[in-house]
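Per-chain numbering from 1; labels A, B, C and D assigned in written order.
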């Protein structure tokens, strides 16, 4: 485990949670004090303040990279050098070029490489994506992913240099991969239109952004990220299809509601804003946020010699979409997603089916309040629209 | 009452609902049969198939224009000629220029002119806007309005010629005015970025659109409209402020849930998709959709010689924003909102307050899971970020 | 308008709200100061500190009795003496005998008498009851009504002498009538089992109660009332039928959610507990709580010479059920509802339909996770249960 | 694993789920065919059609009893005889006496004995109970647990002989233990009042029941169970305390909503009623229903030589409460809970705190709509109530 920040803590708690059979054996931190405290609290045997030593450690089979963004590549290169499997937190890198180097490095070394994009693995998302793949909502036309909270926990997140950007890099990376999961990973993201601004916080990086991603099928992805949201952590996704709709809410409205006058105390959930009034805790935070299913997929794939659902290639695509978003925010127009290495093939446009009635195209077929059924028809030769009650 | 379509029916039901003291005295329809049926069903005394006759009728004090978009201007000109108060359904016109002509015509004639934008008057929106004006969520940074359903009821809506456009003209006009209400009407909409596409229906007009509106304060408006949504009519608004958040749901999730195995029957609510399974009716549809409060404002303003909340000027601004949206969808970049006649004054940028700790800027102040309080600080001289546990 | 308490204020605001054509012309209060302040704030012409004078006033067509429970009978007798229509707030009286005297007095005098049970008239309840009557959920087997808040507004409510009881008299009267509306008013309430206790407040009257009401059809009514609920005012109803389910939420979760850090201020809604954190306002309080539709029914019935949905007879039944509840709380067993004057006829038991498969009774027909369909069968001759996959 | 029904399947999937380190090694079923199919589908090595053989099998460390209720005791006796740890599904037995024999048998043999009451272990319940223990809602005054669905999956459930009863035995056992968890397990259930009826299904056992449980602290437990609910599986709990409120929804409203027009297909979740319209799936069913945390507690306790949260003693208390419920349904009055072996100690009554203002007791302290603050006071010497605006 490289890193003892909040993400390292979540990862470790997940791995040591329930009756899980995988263990963190070695933990690395720049600070010996922090490494030792973390090891003590989490029952870890070995500590190190030297990344390479931690990676090369004989008890280390798999390296979990839970470091700030600007340190991912270096850590990955050490994993490659020592032939250790690497699981890297999100985003994979600070930009597409760096992500591509990580992808190439891992592939050249032939090591197992997993991309720790937890929110694609929330139990709701897994089941929802399965429903979409099973055709339950028809062809996807639109997917919205929203991730907002009052701002990240660690200092480096706020520094555009170290992080590679602001709210897009921190939160948008989740949204992009959630959207891709619904669209189908073979559905190429063609171009991006983004707005970014720094509205509230005294920083250079954007604290608010909205982004549109046009896919080859014609479907539109949309995400909103913010570091200025008030009221907790808002994680919601919406998907529209030709035959249905999906709404998931991962955090603030999950069927758990509590009012407290303020007696008693305690931390309710990550980024909760207060401890009295109406509160909306989640049941099992690491499960609800996808960490459990994510590591199951990673280690099951590793054991089976297979490929996990989220790979470095996915991380590279995500970074490339984010690059296009920043380019668009600067140019104020749509910008292409540059993917020199596209492995997804082609995707057809959403089907616009046609039904006829009396030689005219049926535009709509609806039930009126008074019970009558009404058809809206288009005469393709004249272009005229009319309605008929049938 | 000009028009006997669904909107005319909703207006009439509202005016004749509860213990309301205003009545529809004259109804106009192109078809005598339809006019007579409508009059019979709604207890209206006079019918006419001649617009001017209906407007000039001595029992007509106020004209409600509930006609297709391309007929608004002509009807308004007749109201002006006969000196009758005019209430016009949304959108005011097919484009900004036409809307400006309506505005000028009404002002030149000195008639009372109200813009029937019902969704700004939903009881929830009225109270939410009041909360925003009262400062309960601080300064607004973002507002999202979403209006989607499976497509409109009448044939002319689907004809871009008669309607002036597609889903933006039909639904976006609501969203724009809801967003302006939250932003403050003096907060100028500067520019617009829009995406439109026709993904599903066999028509020319857009059946899906997403639009961003940048306001002078820096705040961002966002709306999504669709004629391809499945599951009913989705009317939701979200507002983010520096001190709070507002979410309103006007139709599909209002605290009324019903499961029916399919025995029994009937129309549940406008645009409901089915009559069995889980259903989400609304209580009093015309009240929930704002019609009651809208007419109260209109007639109270008329009686008091005042100005209603929604005027033709607002309709003109809305049409101008929609023009910019269509321009942006075509040019694929941000387009300015052209308002030759801006009456709103200037608005300052959202305030970015600064707090200091030990000579450094406080970027964030948060509570950790383990109970510690952590400050994220920025050294303005070096640009370095750090965190301190206090 | 007799009474200037919170209920008098709500009634007056409703009558003077929107474009309503009915007006409060005379207001009575024991205190001249209060009467005059109330009249001034609500634009009422005449005030009186003499009940009879207010009732006999030539501008008074209809008397609204908004007084404490122990003063209803006296006020009604004066209405009867002066031949004025009377609308009485809930509960009708302090007990069944007193309610019967009010009923008899009104009927003997031949005056119009309406029972102001607002919660039966919430828009959601009206539509839900209509759905039940239309058969959409089959035969009703169970109805739960819950009304809880942190305690009433006026001193007399807390005094069991003046009020006739505690939370049951204050809140249970609503629940009983809501339940009867779902069960069908001809469905006789046969017997009652109740628990009451004073758990928190320093009073004699019960601050918590739970009550079961068995109806002639076999269906079970259930209500929970409390003056110790924390978090606002909880008004929820649930109905189960052989073909469906209905859930209504009238106050705390109606699709309107607001988070406020505490800047700004103000009253959110009746009995809201705080002004910061997550808040759940309602849109139009008097409409959502049924006041608007209630007065429409009352005055429309009065104008038409008909009978409103809620009559003094209903108030009498409600008081009789509450009498049985208090008797049961004391005897700790089921107690009959004593209704000397039952006007509802008889109701058949809920139908237990039987379907056969291979000569055995089908107890259940279900779909398994693996897709198979399973029948659970009962052999009526042996009593043995078995399952078959078909 | 004894039993290959739905519960055996859920248990096995849980144990073999994620990266869990515990495995099912031997499976028993009366039918060899079923045992072999189950073993094949779940990767289990050994099968047996002889209970004792399965229990005595050298690969069996711990026996999971997933059999119909009337077979629990016999299986447990074999576990005791062979000194194997036993985990028994709910309810522990068909009645209190049988449960006591199981408890005594396990204790006499000194084997580890866990009670598989999954719903007490749902992530939401675990966190909610922790919040209650931490004082966040003050002292508990009321807890409601509701479990309803359209009826159980296996034939034996419907047979009152084999099951020991109907919906109470099937579902009420969950509710009782959830309620006890909120009340505190040392808070003795004193007496019970229950209503049962068979309203819809062609069976002898009750298909609907409502039950009140009075605890030593004065707090009231309440549960509703039904085999006739329409719309899915309704699992909701509500807790009221002197300082707060908790609402949990485990199944039908957990932040996952899907509309499907009916194209595509498949099983959504246990007991879902349909596959089109609005659907409410759960994310990870075995986690949401508590199976994962339950087995973690069981095996962690076993490994540590400790006692799990849910023991046979708890099962015995639950059965005794159910016995009292059936007795009350028959006698139509409150019946005592007979617990010869009470291990919980005594619990004090809920505290009724008193605050004074000007020598009088403060009954309520509230904020009025107009901003004024009002105290409701009681003069303890005269018993008179009054209000003061301060």
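As a working rule, contacts are C-beta pairs under 8 Å (C-beta built on N, C-alpha and C of every residue); 3 or more make two chains touch, one makes a residue touch a chain.
The model shown is predicted, which means the values in this text are computed figures rather than measured ones.
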Chain connectivity with subunit A absent, coordinates unchanged: one piece
Pair sharing more residue contacts (C-beta pairs) when B-D is set against A-D: A-D
Chain centre separation (subunit A, subunit B; CA means) in Å: 32
Computed distance of Cα centres, subunit D from subunit B, in Å: 48
Subunit A and subunit D: spacing of chain centres that average the CA atoms, whole Å: 36
Sites on subunit A at which at least two other chains make contact: 137, 230-231, 243-245, 259, 261
Complex contacts: residues of subunit D adjacent to subunit C: 6, 9, 137-138, 141-142, 144, 148, 150-156, 158-159, 162, 193, 195, 197-203, 208, 210, 212, 214, 218-220, 222, 224, 226, 228-231, 234, 240-245, 266-267, 270, 332-334, 350, 352, 354, 361, 363-364, 366-371, 374, 376-378, 383-387
Touch list for subunit D against partner subunit B, complex: 230-232, 259, 261, 273-274, 276-280
Contact set on subunit D toward subunit A in their complex: 18-22, 122-124, 126-128, 131, 134-138, 243-250, 253-266, 281-284, 287-288, 292-293, 295-296, 299-300
